[in-house]
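By written order: A, B, C, D, E and F. Residues from 1 in each chain.
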């Protein structure tokens, strides 16, 4: 049972920071499920399908990785799939705040689920999806932050807005 | 004079965290006034009337509690009512930041008014109104966070959006 | 070369905090350029022209100050103008987070540019542009925070919204 | 009853920040008691008597101010004196952490006592007693931070160490 | 392999916060080893033997729990025992800082070891071992924070100092 | 004049983080002076002479670097040498707190001196001198954090304690 864990997120879009975390978590929890949340309230830039497709392509060299979408509470997903561990990356300060709230709220919603926080590689510790969108909108080079095909998709999407 | 204090907020909607704070403040300042701010810039989910009504119902067992609405600067409300103490809850880190700014700004606007910060019960220390809305929109159980009638109102409101 | 530095920002609108920082930076870096970013993603209240005009008026007593607008990455501006120093104010906690991300991202985008952080006078350490807009919308007195003509412009702008 | 409050501290030595806070608290709570903790574990530089004496001299222009020493838990002091409000200054981040722990611990020790946090004037928001001692030991000018007689006592004390 | 994890600490002395964390971690990682560090640099109040003994007694109702001492780097312990997961509790802000440093340093020392952070129950989120010692030295009641026999040991130890 | 800056510190001992910062600052301020503070209150592990010697050796490939010791307030050093810029590294959160206090205190001590904060390379963003000493005392490998001769000196020093 301790082989299973869920790594939920919006992945709007997937970054090298996410990929680093998935690789680290996969070693520890062989039955890792990456779950893409619909996240309507966050008004994602990419559709759920686009986010799933990019995430799949970016992780295609990781064997046996399960990628799924889910429209609901992540604790419900865990409950249905009998998984007790939620993995979250912990970057810097503001993260901590939000993640702390989320983890305690999830625990209150379903008592036997624990959130485990994992540190990304320090070169990704400051990667912010909002900053990426800002740089992309100004035509900056994103090759240090996301795979080439994600950079292209991000710039195409922002051009059409 | 030290019997009087104002506890301002948006209360969108009222939570058990707010109610806990009101009860604590009421013991210390018998002439406590809970003031609901119109808060147009924050684009509240509920109307001012709805927020007032829910707050009244949620605190109906607290005797002699004054609940009012106000559309303006809270320091002006204090000045008009000759009240020198503003009560605010202090939950976690990000709060502190915003509350610090607000308290120093209010002091600059009207020098003889002080903001006193009070800690909520630790089980409510991470309650975030935004997280509540997210959980409600995903159909989660809010019974640990808000009174039943507020949970119903929140889910009805989000359904009709 | 070390005489040159760039102080970029949105300046929506300029505050006494910005002016304090410009004066401090100008003493250290005689060839200081204040660069107003278009910042479409931040949805500024004032147009780029309005922000430039207010900034110019608010700093007219500072000799030889260069004020320019730029629509692109600030590191590109630095590269074109052979400037290696970006100046940023560091107010309080949340700032630090965002500025940390920005500085490390800019360094990754263009390796030989450094961000230097400068502290504003402590009386401006909590000045938040969002709080100013909130106070202005409620008719509060802004004379301690912005020049009189900025206060008037801010209130006019918010009235017409 | 709401007229009474306790402001506990080590006051090693008293600074303009403490005096500012005492004045603000005295206006709100006319029956304010400043309680000097023995604080053996903190290994204060000045003896309890010296700290009391300096505090008395520094506040001699504040009428009806009660200054006492106490060797025990502050909640016990409150309980014996039937006081329900503890006042604490809240300066910056690290404070918050420690004060948060202290307030919740005190509440657990005695449930009907509340800690109210008050912001000092922003010019004192960064005053640190340790930094003061460092500056004093290097012969720096402390006139902006402590009364002249405290500066003299601090330098004499550090010379004799 | 994912069944194994190490929970290292000084445990000076063990608190209900530690016990809560051990119970949570034990469910997720059945082969959990609690490792008591000698920690000479931290100058613990209790000897290694005393800390081990109290920890054993406090967790005697948890079946199959391995408690060991270790005098060295925790990554070396992991390496020798072929364990890849270090568990740490994450309480509040200052923790995060130190734990972040420690986790990244450990990763640099031995690349294939990950630190997973777990949140304690929120009622223990502010428990500080230093605050406990302060309260104990002043004769306060510790029954909400540590088991009765630990309270007795702590008070005896502080009396004899 | 803007060519000159001071980078003060205790350097107990010098780390790759310090060296990284010195190199970055030297490019921006050709007349950079690294000033080693005696720092008696911090009880350094190495003597002033040892710290100077290690710093000199670790930076011998940086041309024209001035390294001096100073026993007094850094603002006095600046004043005597007509330097207006103090450079400080800004690593993570707790730094910010202390550096903020220090910078504002220095400004109050001597008004025309500014502290400029520079970010170290992100791989050094969590390097803590205390953590290094802890690892060294436990026989850990420090080759990623300090030059080999510093690692040897640190381990020799700790062995003889």
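What we mean here is this: a contact is a pair of C-beta atoms (placed from the backbone, for glycine too) under 8 Å apart; a residue touches a chain by one contact, two chains touch by 3 or more.
Keep in mind that what you see is a predicted model, and the values were worked out from it rather than measured.
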Chain hops separating chain E from chain B, counting only touching neighbours
1
Touching both chain E and chain F (chains)
A, D
What chains touch chain C and also chain F?
A, D
Over half of interface residue numbers shared between chain A and chain C means same, under half means different, so which is it?
different
Note: among A-F, C-F or E-F, over half of the B-E contact pairs reappear in A-F
Between chain A and chain D, what is the gap in Å from one C-alpha centre to the other?
47
Just how far, in Å, is the C-alpha centre of chain D from the one of chain B?
30
Sites on chain A at which at least two other chains make contact
93-94, 96, 100, 104, 122, 126
So that we know how the chains sit together, what is the shape of their touch graph: line, ring, star, complete or other?
other
Inter-chain touch pairs (all):
A-B, A-C, A-E, A-F, B-C, B-D, B-E, C-D, C-F, D-E, D-F, E-F
Which of the residues in chain D come into contact with chain C in the complex?
93, 122-123, 125-126
Which of the residues in chain E end up touching chain A in this complex?
2-3, 24, 27-30, 84-85, 90, 93, 96, 100, 103-104, 107, 112, 114-119, 122
Tell me, which parts of chain E touch chain F in their complex?
40-41, 71-73, 75-76, 93-94, 96-97, 100-102, 104-105, 108-109
Residue numbers on chain E that touch chain D, as the complex places them:
92-94, 126-128, 131, 133-135, 137-141, 144-145
